[in-house]
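The following pair of complexes shares a single chain, chain A, combined with chain B in the former and chain C in the latter.
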Partner chain A sequence: MNRWFAVSACGEVPHGHVAHTQLLGQELVLWRSASGTLNAWENRCPHRGVRLTLGTCVGEELRCQYHAWRFASASGQCTHIPSHPNQKPASTIRSQVFPVFEDGTFAWVNLTRAAVPPQQAAVGIDTALRSLFADAPVAAVRQVLLRGYADQAVGLVDEFTLDATEYALRFMLQPVTADQTIIHARLQGEVAAAKRMTVLRHHNALLSAARDHAEAAS
Partner chain B sequence: MNASQPVESVLWDDWHPVGELVQLQRTAVLHTMLLGVPLTLTLAADGSVTATGAPHGTPVPMQHVAIRYGLVWLCLGTPAREIVDFPETRESDRVVCTGGSVAVAVSGLRAVENFLDLGHLAFVHAGYLGEEPHTEICAYKVEPLADGGILATQCRVYQPRPSPMESQGFDVDYIYAVRRPYIVVLFKANPVEKDRMDMIALLAQPVTEERCVAHVLMAYPPHNVDVASLRWFQQLIFGQDRPILENQLPKRLPLDPRSEISVRADSSSAHYRRWLSAVGVRYGAVPVAAA
Partner chain C sequence: MITLYDYELSGNCYKVRLALNILKVPFTARPMDFHPAREHKSDWFLKLNPQGQLPVIDDDGLVLRDAQAILVYLASRYDASGHWYPRHDATALGRISQWLGFAQDLTATAGAARLHDTMFLDVDIGKCRAGAHALLRILDEHLWFAEQAGEKWLCGADRPSIADLACFPYVMLSEEGGISRLPYPAIRRWGDRVKQLPGFIPMPGIFPAAAT
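== the complex of A and B ==
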């Protein structure tokens, strides 16, 4: 499916961090190299199938936990095979890399390998809300959010914006599997520093309630 | 695996380990599963074991249940061959024991392949069966066994602590023999007797296609060896392998060489997969797709 999905707030994957997520049933390892490049790869070493989320970020490479093969950030190319330390790994040995881009607040992944990240206008840094996992399909989550949050939702099917007086709230729904969804949401616009925690807690409570409703309905 | 596709004879009509005798002696009854068939093992007062298959409680014929090497063995079909022979267990001075049985959420074929694997020793078993910078795997020899299976010889790895009795590291010679699709034996050079080898067998019980119980059988020449240390060491080592095994995707072993990349160090693994294809093993495997 040639479509971009938000899979994580950028701040959830700091430098050197290795994280797990799933999109449309595809397991992903989401990791950021020491220099800051974000990678979204199939969560599987091409050698013996071990989840790369067990591995470790070593500078600009991800090292598999099983045989310590190393794969380069950005290209996924295997750079080192300790069983044969004096041989350069064949260029055909590489991780399955998915296109990824960051909009300043969220990281987006496209499972179509040839997809090109959209040309972005400079986006201001938004405030990411805490992402919530829901044991419910996207359709059920969307319905509850639309009903529970307001009537004036606009935009894409699974990405929509609600206007409040000071800021807009934008949802981005990540289909984990056919039956599971991660609710990502961001506040666009100015949130006064003094009100920040109150606003975050307010939306976290609303989102948690929405999650509970969606799970109960499915 | 569904009802319309029965388990292939090479597995169905062979003997498999289904329990460790010392475990059954503690509990008298053991519930387990073999090739998807639920089983109840019961230890009688005379020391014999009976087995019934759920869900219908069908008794397994007496002659298809046996106790050998401290393990309970069972054949669901009609035995086409004898229980695997381990001649080393008959050498009277050897310490022979089982090593504990561990349930693992992966195909038993993956467990056997991991047991054959040399390249992970320096990382998964660092400080025991290998360590950096001794990571290079030199060429070794793999050949077919006369009565089925494969033999890997001339394997050599530096090990800082090759057994519970050793505190000195040295280069250890290894020989592997895959005796059945789910049974593999490792022979390691004994540090005291140059012409004898320690024997460690991994016997995977195929519970389902994606689950196994890993049984271990050991036979060591009698130098500074005791059963408790052997069992402790084996369980320590297998405890390091288990989280790796349970994180392999897919859980079944892919037999198509294009599914997973192999290098020269994986020669025994590549031969193992080819042999499984050749003898028609499907249970616990992702078979090569028909062209």
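== the complex of A and C ==
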């Protein structure tokens, strides 16, 4: 499916961190190299199939936990095989890399390998709310959000903006599997520091209730 | 010299080994055949711990059972810095005790699910997993808001406490009990921070965060 999905707030994958997520059934390792490049790869070492999320970030490379093969940020190319330290790994040994871009607040992934990140006008920094994992399909989550949050919604099917609140609120639904969804949401612009925590907690409570309703309904 | 009655694959024994290592306290491990021999239910061991559970420590004649109690003792006696269990800070002690209780609940849910899957413990596996997920949701939410407030640990901004050590093992071993941590990204980041503590040691199923 040639479509972009938000998979994480940018700040939640800090330098050197190796995160774990899933999109439309495809498990992903999401990691940021020491210099800041974000990577979204198939969560599977091309050597023995072990999950790369068990591995560690080493500078500009991701190191598999099993045999310590290393793979380069951006290209996914295997750079080092400890049992053959003097051989350059064949160019065919590489992780499956998915296209990824960051809009300043969220990271987006497309499972179509040829997809090109959209050319976009500079997006201002928004406020990422806490993302919530729901044991419910996207359709059930969408229905509850639309019903519970406001009467009006505009935008794409699973990316919609509500202007009824003080800060325009935008949802981005990540289909994890057919039965699971991650609810990402952002408030347009930066919330003043003085009320930031209150606003974050307020929306977390609302979203948690929506999540619970969606789970109960599915 | 402390003797630790120890089982390599036990998360509760691991948290004591972790604390001893971080606090640089020398000890001798007495390995126990928990599975399949059930040495922790043997007559001689029941005299040491009538509850028949691991771990137990013997520190020059002081015999203590219960992993959380042992953490309280070790930090109180051997941590010169005082941050692992700040005995004169009532607020911190209340918060830490709350998470020590939470750690017991993790053992009873995530820990039990793991024993079910790996050592054939007879439990209601669905109930254990559901209970574990309910706890992990609470933990993930707590840690996300802690990060937003600039705090890295379960109880406080700058320095970890025994609460972090108590909760860490059965969270990180959850997948051996069929409990995915994919829904809990803030827990994953906290796990990284624990793994980067000076003196951190791994155990089977818990890998180091940095290349070694």
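As a convention for this text, the second predicted complex is superposed on the first by the 214 of 218 C-alpha atoms of A that agree within 3 Å, B and C clash if a C-alpha of one lies under 4 Å from a C-alpha of the other, contacts with A are read in each partner's own complex, and residues count from 1 in each chain.
The rule is simple: a contact is a pair of C-beta atoms (placed from the backbone, for glycine too) under 8 Å apart; a residue touches a chain by one contact, two chains touch by 3 or more.
A quick note: this is a predicted structure, and the numbers were derived from the prediction, not measured.
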{"item": "Joint occupancy of chain A by chain B and chain C, clash or fit", "value": "fit"}
{"item": "First, second, both or neither for A:Thr56, with chain B first and chain C second", "value": "second"}
{"item": "Which of chain B and chain C A:Arg3 touches, first, second, both or neither", "value": "neither"}
{"item": "Degrees between the directions from chain A toward chain B and toward chain C, using C-alpha centres, nearest 10", "value": "50"}
{"item": "Which superposed partner A:Arg113 touches (first chain B, second chain C, both, neither)", "value": "neither"}
{"item": "Partner chain in contact with A:His84 - chain B first, chain C second, else both or neither", "value": "first"}
{"item": "Contacts of A:His47 with chain B and chain C, given as first, second, both or neither", "value": "first"}
{"item": "Which superposed partner A:His15 touches (first chain B, second chain C, both, neither)", "value": "neither"}
{"item": "Touching partner for A:Ser131 - first (chain B), second (chain C), both, neither", "value": "second"}
{"item": "Which of chain B and chain C A:Gln65 touches, first, second, both or neither", "value": "both"}
{"item": "First (chain B), second (chain C), both or neither touched by A:Leu200", "value": "second"}
{"item": "Distance of closest approach, chain C and chain B, by C-alpha atoms in Å", "value": "5"}
{"item": "On chain A, positions contacted by chain B and by chain C", "value": "54, 65, 68"}
{"item": "List of chain B residues in touch with chain A within their complex", "value": "117-120, 122-124, 132, 135-137, 243-244, 247-250, 254, 260-265"}
{"item": "Touch list for chain A against partner chain C, complex", "value": "8, 12, 14, 17, 19-22, 54, 56, 58, 63, 65, 68, 130-131, 133, 176, 182, 196-197, 200-201, 204, 208"}
{"item": "In the complex with chain A, residue positions of chain C that touch it", "value": "141, 144-145, 148-149, 181-186, 188-189, 192, 207-211"}
{"item": "Chain B-facing residues of chain A, complex", "value": "27, 43-44, 46-51, 54, 65-68, 81-86, 92-93"}
